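A, B, C, D, E and F label the chains in the order they appear, each numbered from 1.
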Amino acid sequence: MERIDKRKYDELRNIKISRNYLKHPQGSVLMEMGETKIICTATVEDKVPPFLKGTDTGWITAEYSMLPGSTIKRKIRDSSKGRIEGRTQEIQRLIGRALRTVVDLKVIGERTIWIDCDVIQADGGTRTASISGAFVALVDALNKLYIEEEIPYIPISGFVSAVSVGIIKDIPVLDLCYQEDYKAEVDMNIVMTDKYEFVEIQGTGEESTFSIDELHSLINLAKKGNEEIILKQKEALGKIGELIGKTEK
Amino acid sequence: MERIDKRKYDELRNIKISRNYLKHPQGSVLMEMGETKIICTATVEDKVPPFLKGTDTGWITAEYSMLPGSTIKRKIRDSSKGRIEGRTQEIQRLIGRALRTVVDLKVIGERTIWIDCDVIQADGGTRTASISGAFVALVDALNKLYIEEEIPYIPISGFVSAVSVGIIKDIPVLDLCYQEDYKAEVDMNIVMTDKYEFVEIQGTGEESTFSIDELHSLINLAKKGNEEIILKQKEALGKIGELIGKTEK
Amino acid sequence: MERIDKRKYDELRNIKISRNYLKHPQGSVLMEMGETKIICTATVEDKVPPFLKGTDTGWITAEYSMLPGSTIKRKIRDSSKGRIEGRTQEIQRLIGRALRTVVDLKVIGERTIWIDCDVIQADGGTRTASISGAFVALVDALNKLYIEEEIPYIPISGFVSAVSVGIIKDIPVLDLCYQEDYKAEVDMNIVMTDKYEFVEIQGTGEESTFSIDELHSLINLAKKGNEEIILKQKEALGKIGELIGKTEK
Amino acid sequence: MERIDKRKYDELRNIKISRNYLKHPQGSVLMEMGETKIICTATVEDKVPPFLKGTDTGWITAEYSMLPGSTIKRKIRDSSKGRIEGRTQEIQRLIGRALRTVVDLKVIGERTIWIDCDVIQADGGTRTASISGAFVALVDALNKLYIEEEIPYIPISGFVSAVSVGIIKDIPVLDLCYQEDYKAEVDMNIVMTDKYEFVEIQGTGEESTFSIDELHSLINLAKKGNEEIILKQKEALGKIGELIGKTEK
Amino acid sequence: MERIDKRKYDELRNIKISRNYLKHPQGSVLMEMGETKIICTATVEDKVPPFLKGTDTGWITAEYSMLPGSTIKRKIRDSSKGRIEGRTQEIQRLIGRALRTVVDLKVIGERTIWIDCDVIQADGGTRTASISGAFVALVDALNKLYIEEEIPYIPISGFVSAVSVGIIKDIPVLDLCYQEDYKAEVDMNIVMTDKYEFVEIQGTGEESTFSIDELHSLINLAKKGNEEIILKQKEALGKIGELIGKTEK
Amino acid sequence: MERIDKRKYDELRNIKISRNYLKHPQGSVLMEMGETKIICTATVEDKVPPFLKGTDTGWITAEYSMLPGSTIKRKIRDSSKGRIEGRTQEIQRLIGRALRTVVDLKVIGERTIWIDCDVIQADGGTRTASISGAFVALVDALNKLYIEEEIPYIPISGFVSAVSVGIIKDIPVLDLCYQEDYKAEVDMNIVMTDKYEFVEIQGTGEESTFSIDELHSLINLAKKGNEEIILKQKEALGKIGELIGKTEK
């Protein structure tokens, strides 16, 4: 079997992380992973949800959306349907959880960081690319707070990235594009840190099943993929990336 | 460390599966897993969603809800809030996907099986208990179609059950109750078949992380747990359970 | 004419009132009236709706719902439809009004008692059974406040129950089951106290009409029925029931 | 006790029924009952709700609304709140049921008669005045169908009107205005035909109770009131009113 | 070409402005412009929207609605559709903006004036007639505040009225009725003050185009029309109208 | 007075029109007008809204949205609010109307062209830039239908563009950026064709007023601005632009 775009089974698509893509949000990134393109922004708001009021603790929440023109068949807006799809909600919850894992919310104080991932063009892997891109936007936003001396240091304990893996015709492959995703028997999204720890693992047989051996192959592919994505994040962030994982001023 | 209810780390709570709990639905089960109690029903409707019209293929869809009195703090109804929570949607999608994995929807024909899981009392593990109980209700509903000669055999390829595992104070434990779930560092739901295949694996560090070794321990616990739950499902179904996995009349 | 279930015209179905049905709510009852089964809970919340803030007065509000599997044809959830049906709202308002009639809300202080009536299985008379069952749950919840010395006494002036009556083929009958209700020419719900006073009377010709004499026959049947239901409530409550109508400690 | 507006206890307010109030709907009435003013319209639509398709039977459905300027405190629109209030739904259902009682829907064929009752000015008794006014608009709409030879006769078996009665300071009174309604201990709405038959009776102790004797007094008052309202309806309809209750051409 | 109702091209329909049409709101007007009839009310509320809290400034906001019976084909209520139409929102925004132009909101203090325009009968020009009628209701409401010495003077700098103009078969015409509006190639609404200043100009080719010369003709017609409407407003307001534009007590 | 960005009063911002910005929609443009950036797409759907079924006529409908990160203060999504803002609806209706003006919908046949304008970065003039950009995307989409021989020619009668003008400190200026728009006394949006005809003119005194002379100055500025924008559209479209206004193959 050859992959649609000639990639090797364990090869990522081209990654491009463009920082400061928009002028208003504190952090904004155009995340490109092959043909998948997502605007990821991080905006700081000086208040927290009700359940955190008075706790001196911050919050990170994520919203995800696909532009109508991002998909092959025009995507109907959630606002037109009057409700947010189950899939959208699942992804939003995943992005928020993943980013909160590496942030010390106590240090942020009573602020909410809004993460917005708006898919401009979809070609598979939008939820994982959202996490990888949003991480960079989040670093930029927290760095701005740090520069303005609103927080004593950037309270991020490590890099976080995410990648999809899957099994197509019994072969485990890394970073599925839409056409691969569509026919994959098993589909898995793995969120990891730069210390090779799992943040989240979500695997589904897509109405089929998979064995323990297949699980292992997929996890190894994901490890390799995340390693390379984190390298790209580090490149993009340059000096600022070096402040991550450091709690001393 | 001792567990709240004195169980061993790899011990399930008491399981009770009461079939034919309600008189109207084709399949209905009261699923009890310790203090967690869920009414799982399966209802057959003679039509399919628009995307399946004219395909001769059936569908299984699930809805999940918690009664206001099921939780410690009264749960506000989705209908009062005017929207379905993200968590609810995630669970509904999981239940539907899990059950569809083992059913040959072609054999069902243009019918929808509605799975309803209504939590009467919640004490952790409601989504996994929903899957395990709904499976039994589904078998009953399909058996009724089979008896009425609407379908040539029960088109279920194997048993499906689900269980939660987690890490509490660095110790992997099986089948978390609410108080354990609340303080778990890692939380994982694993759906399996009676052939030890994975249907779904969802693990989250709950805003923390976990290592590959911890992943292995959790998977082993889940394997043991699901094995025991499937035994209970078999007991509950008796003779009907023997028709599962048989495609010949 | 013989009744479907062989009952005499003035005979109630079997009543079973199971207290402490759930572990979380302050009061919880499984109310069974023949095949009609309803979980009635009473939960205390330490705040009141905006219109009562600062008035030192409490509130009782009711919500009513039918599980999807409770009816012959699967009932679509209000949350899926995105709105609460007119019928549901009418019933909720009735239950709340009926219970507030016998409670001195001043004594409760700024608390809301949430009454939830969730129909597990419907076979006619769900709104009246909800009132009769919710009353018992309410007593339990207020008794808990009394025991915890949050209120000086149980501020309930008397027992409240409700029953349906109707005219079928010109014959007045007591406590209609679904099949009777369906073909009744006149349908009436009567809420009464143990002092034979009316709390509410709602009679409709169901798109037909009825005479003054028929009205009298129905009222007499309802009186007999409510008398018997209140006896069952007293049995269920035992000693606690004796505290009702007593305002001295 | 003297009534606010000097009326005798058994005296109605001034009634004015202005037909053909608007030019577009088939039937339209300005119903005035003292200071209460309601525009009641009846519009014919050539289709029926899904549950009646193919049955050759018509339907009558009602909508009720209060203009923002109709009440003492500005009434927030249902459309701004995004949902229809429970009270509104209850009234809508009542109006529809009351009118359907006297109409042979088979004769109407597959048409829906939309009844709209829009309260321009509210001073108590809006739901009963809506019924009394809507009846006249309905007659006009059906008469138009009859004149156009769409239906063989006006399929209305009798007049329907409604009135409110109540107990204020232990005295039963007829046709309560807002200030009376506000302080009434018992509030009852009674819908009747010109043959003194009940269509609907809805009485509530408004969180208090009432005896059987009080019930009788109220029913007698309502009988007298409805008799007088029907006289006014007959006056307003003139010749057309004589066609009611006649099934021969 | 002759106009449907024989009017000259530059002739308004009959205008009737009935003040104090309802008893509850501070200002209420029945605005009639030919067959178009609108109830316009102005209600004072002692609070402002969040963005004005603490600014000592008032607000004027408008809501617009058409009764179901106001149009040829029954108009479905916004509340039934669960959302407010784009057209409705556009009109509401226009009315609010137009009235705010001539009011010194600082003088009103932290109050909101709610303008409600409910179309009872529609025959074209409802948005412009709403503005012209609402202006009078607004004057009455502010006059009431002035009389009660809540504000030092009526803070209205001038009269505001609105009229529609259009091009039908290449001829510019004033004040289009529904049938004219329907076939107009160009449709323009012009809001003006009594000093011949524009408040708002909205012209659309209705999916066609128009030249600069046509624009001039339309503006001249609108000028003439508004002049006459303001005369009617002055007649209706009598002495109170003389207080407008005067800032001294 | 000097303009914030040093432009002359009658000078447009830099315009950049990037065609084929996305790979899925038939037409897609990144429209940049200074710092304002909008993704405009045109998608063809092979069905029409109900009111056009069976008429052999097509439709063009527009949706407009701002990304959360596009504005200075994070913009809350319509889908989170559960409703579409009045301003959004007004803009959507304007875009649709403007484009339909120059298209012969009969030639398109029973197809809907969906126009989506998603603002990535907002700096004033988003509604006019949406129209100018969407026009180009529309041409591309119709050209694709023409190339595929689905339609006999590109049924567009002329170029359409839009620009904002306004009065700031009594000076008429062209193409306002956000900071100018914010303080403008008069704000006008003018949509024109390449034949100097008006498609739409919307001018508001923004709660102030303007004279006839000011109106003339603004119109002249808009004429100049639209002329230049259309030149840019022509440049961007190249050869395809020459097919516009030609009805012969």
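Assume a contact is a pair of C-beta atoms (placed from the backbone, for glycine too) under 8 Å apart; a residue touches a chain by one contact, two chains touch by 3 or more.
Computed from a predicted model, the values in this text were never measured in an experiment.
Taken together, chain B and chain E share no touching chain. Hopping across touching chains, the smallest step count from chain A to chain F is 1. A rotation of 120° superposes the C-alpha trace of chain A on that of chain E, rounded to the nearest 5. The distance from the centre of chain B to the centre of chain F, each centre being the mean of the chain's C-alpha atoms, comes to 51 Å.
Our note on geometry: chain D versus chain E, Cα centroid distance of 34 Å, whole angstroms. The distance from the centre of chain A to the centre of chain D, with each centre set as the mean of the Cα atoms, comes to 60 Å.
Multi-chain contact residues of chain A, defined as those touching 2 or more other chains: 82-84.
Within the complex, the chain F residues that touch chain E are 83-87, 89-90, 92-93, 97, 100-101, 193, 195-212, 215, 219. Against chain B, the residues of chain C that register as touching in their complex are 22-25, 28, 35, 39, 41, 43, 45, 63, 65, 67-72, 74, 77-80, 82-84, 114, 116, 118, 120-121.
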